[in-house]
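What follows is chain A paired twice: with chain B in the first complex and chain C in the second.
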Partner chain A sequence: MIAVLKHELRLYFHSLTAYVFGAFLLVFVGIGAMLYNIQAAVSNFEYVLSFSCLVFVVIVPILTMRVIAEERRQKTDQLLYSLPITTTQVIVGKYLALLAVYLIPLAIICLYPLIFAQFGEVYLPTSYGSILAFFVLGAALIALGVFISSLTENQGFAAGIGVAVILFNYYSVSLAEYVSSTAFGSLVVLCVAVLILAAVINHLTRNENLAYGIGFVLIAGMAVLYFVDSTKFEGLVPDIMTKLSLFERFYAFVNGVFDMTAIVYYLTVILFFLFLSVQSLEKRRYN
Partner chain B sequence: MIAVEHLTKYYGDFLAVDDLSFEIDEGHVYGFLGPNGAGKSTTMNIMTGCLSATEGHVRIDGHDIFDEPEKAKRLIGYLPEIPPLYVSETPEEYLRFVGEAKGLRGSVLREQIEKVIADTRIGDVRGRRISALSKGYRQRVGIAQALLGNPKVIILDEPTIGLDPIQIIEIRDLIRDLGRSHTVIFSSHILSEVQTICDRILIIARGKLVAFDEPQNLERRLLAPSEISLKAEASAEEARKILSGVAHISEMDISGMDTDIAGMDANGKKENRVSIRVRTDCSDIYAVSRSIFFAFAKGGRPLLEMALKKANLEDVFLELTDNAAGEKDRDEDLEEEVED
Partner chain C sequence: MKKKNLPAAGAEAKQAENRKEAESRRKAENRREAENRRKAENRREAENRRARNRNALRGGSYSLLISAVVLAILIAVNVFASALPANLTQYDISSSQLYSITSNTKVVVNALEEDVTIYWIVQSGEEDDIIENLLSRYESLSDHIEVVKRNPDVYPTFAE
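What follows is the complex of A and B.
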């Protein structure tokens, strides 16, 4: 695991990836700090982070697109399979390297509230609480990016899907307002979601019976539930979309609430996607 | 050392490896031979834990590659068909990563890296980026990677493919050197290569092991009749008459020679010259050539040329792989008949 971590770090700093990622993050946070803290003379650094979290839509896919996709394209994944290390060690090593690359610009950002505190009253607990939340939010998105990268051998494709998924997640709360909140509308949307899920399972396992079996069971279950008690479906889709939003939970920290459940939620998301990435890598051995 | 038991691998419906079993002892160079698509790479990938088997076991020194992967993998160094290199690194950085992943640390790691760099003779390029190296050097970096940690078994998948003749000779010499201190298994579809380096040859065709023996024994196993080609000064009828008295001739083929080779005698009279191909089923081909010599001497016709053609490994290879293909076709035909 340490070997993979050191190796990945060397690769990031050999190429432009780490520098581009860091530069983007610092520039965006810098612009935010200039607008809010300097121009508007607001002493809350957390507003800057709230403004800058949109930058994740671009920089997380840039950082994570090659992490596994490139190994596949260059056939170096064969080396990883033949070395006496487990796929879990490979994924965790790679993930920790990504976190290290992410922490370097973040360490610089940590100085900003202290600098501003020299010139006025800054409430530091909220600032640093928000920075911590900003870190776990990014960490969760990076885990998502690792998983997307493990699905393909084309970096560009991994980046594109990554941008789309993160952007959707970013706007999902705003979009939720426009989604039908009637019971029947929710049922239809959920059925489509289940079909997409079944297609993804089919792609991953190449087992049609399993994929469409799961899809059929879920759809049948929902249909039965709908006829028994259709009120349960009212407003369900907008609700789910809000719950799934990683960004929405971050805004609680910005508003000065240190929400432990949100931290647990982010950690769960990280573990979930790393687990899926291990499975995705392991699956290559079984096809 | 390595025991492969009833290995079977399906890719979907396609049967790539079909109930393959063999054992590999310590301290030899093994050649894994087979036409393209015979299942060589698949078998090697399963033996090194890169791929799962549908059925069967692989044990390295008693450790199952699926149940105890870490112990088993420490005993193997593997170079896949496409060398798995991180092209943005230098060979030295790359070897350090592989060494660390194999659990080497500190001074042991440094010594090992120096040793494999010396063994594979990549010292000149150790500080250059792998992306700037020639194919021959890349292949060597790949082999160096497999040698790290001094594994007992080195498995190389088509190590000479895509190299120029000089590089091929260098890699072969390297493999021969490695064979002195390690068990080496390497695959190839080039016969002469396997013939020159290996102590043992495994031939697989259509996922089945069709032969496993020393090169000489494989040649000996070929039961097809050997061939003698003759040139004699005689007419076709005379030659036929003389040869009919020789034992162990199963087949003969007599043809007149081209007019420009057919010469004149001292009186300017045109001579009859024939070239003859004779097949024999006798195992001692020299006994047959001796009888032919005396038969022509007795018949008073001079033999001008006699050449023996012994069966070589190429023939064994073609015969064995064709047979495997033939059997399969026959099976399929039978199945079809049953279905009808």
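What follows is the complex of A and C.
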């Protein structure tokens, strides 16, 4: 794990990736600090963070696009399989290297509230609470990026999908207002989700009967539930979209609530996507 | 063939015929062999494919199953975390202590002897975060306080 971590770190700092990532993050936070703290003369640093979390849409895919996709394209992933460490250790090593690259610009950002405190009254608990939440939010998005990178061997494709997914997550709360909140609409969306799940099952197991079986059972179950009690489906899809939003939970910190449930949510998202990345690498052993 | 070798021609022709026959026999044999080989190859390939599919089924279903289990555990952790009382999970870090209850309020609330029901009249989906946070704090402060949400769309005459 340490070997993978060292190798990845050397790779990031010998290429432009780490510098481009750090520069983008610092420029965006710098623009935010100029707009809010200097021009508008607001002493709340957390507003800058809530403004600049949009930058994750661009920089997280830049950072994570090559992490596994490039190994696959260059066929060096075969070396990873033959290493005397487990796939989990490979993924965790790579993820820790990404976190280290992310922490360096964040350490510089940590100085900003202290600098501003020299010139006025900055309430530091909110600032640093928000910076901590900003770190965990970014860490969750990086885990998502690692998973997307493990799905393809084309870097550009990984970056494109990553941008689309993170942008969708960013706007999912505003989009939730326009999504059909009727019971029937929710049923249709869930049926489509089940069909996608069945397609994934078919792709993974190469067994059509299993995919048809599971898909049919799930759809039948939902249909029965719909006819028994259709009020359960009302507003379900907008609800799910709001719950899944990573950014929405971050704004609670900006508003001055250090919400442990949000931290738990971010940690579970990290665990889940790293786990899926391991499964995605393991898939090449059997499929 | 030349005319003066005519007597020998018959024997030669026979020989040639024999040779041709042997050749065609050999060819047919070769063909049969090749066909057999191809068949065996096909069979082997089909077997391989079946074995691969079997592998995919075993590996894929294991992977899916364990992913589903992990997802279920993580959802359970999240549900458990959000079910904890607000004063354990949500800390006030705002500069004006916007979400904190002052000690005066705590004294009053702790001295309550009768049950108090706070009706919060709000449309579903329009809840204000600050009020929600504060009410959940009141609720967790004392057993006598209960907060009930009333949607004016569902109960239009409730406030009358």
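Keep this in mind: the second predicted complex is superposed on the first by the 273 of 287 C-alpha atoms of A that agree within 3 Å, B and C clash if a C-alpha of one lies under 4 Å from a C-alpha of the other, contacts with A are read in each partner's own complex, and residues count from 1 in each chain.
We take it that a contact is a pair of C-beta atoms (placed from the backbone, for glycine too) under 8 Å apart; a residue touches a chain by one contact, two chains touch by 3 or more.
A quick note: this is a predicted structure, and the numbers were derived from the prediction, not measured.
Once chain A of one complex is fitted onto chain A of the other, the partner contacts of A:75 are limited to chain B, with no touch recorded for chain C. Look at A:4: by the touch rule set out above, it reaches chain B but stays clear of chain C. Between chain B and chain C, C touches the greater number of residues of chain A. When the two structures are aligned on the shared chain, A:201 is found in touch with chain C, with no touch to chain B. Of the two partner chains, chain C is the only one that A:258 touches; chain B does not reach it.
When the two complexes are overlaid on their common chain A, residue A:15 makes contact with chain B while staying clear of chain C. By the document's definition of touching, both partners, chain B and chain C, reach A:285.
On chain A, the patch touched by chain B and the patch touched by chain C overlap at residues 206, 285-287.
Contact residues on chain C toward chain A in their complex (touch as defined above): 52-53, 55-61, 63-64, 66-67, 70-71, 74, 77-78, 81-82, 84, 88-95, 98-99, 124-125, 129-130, 133.
Within the complex formed with chain B, the residues of chain A that make contact are 2-4, 6-7, 10-11, 14-15, 74-79, 81-86, 206, 285-287. Chain A makes touch with chain C in their complex at residues 44, 123, 125-126, 129, 201, 204-207, 210, 235, 252-253, 255-261, 264-265, 268, 271-272, 275-276, 279, 282-283, 285-287. Across the complex, chain A is touched by residues 11-12, 45, 48-52, 69-71, 73-74, 76, 78, 80, 82, 84-89, 93, 97-98, 100-103, 145 of chain B.
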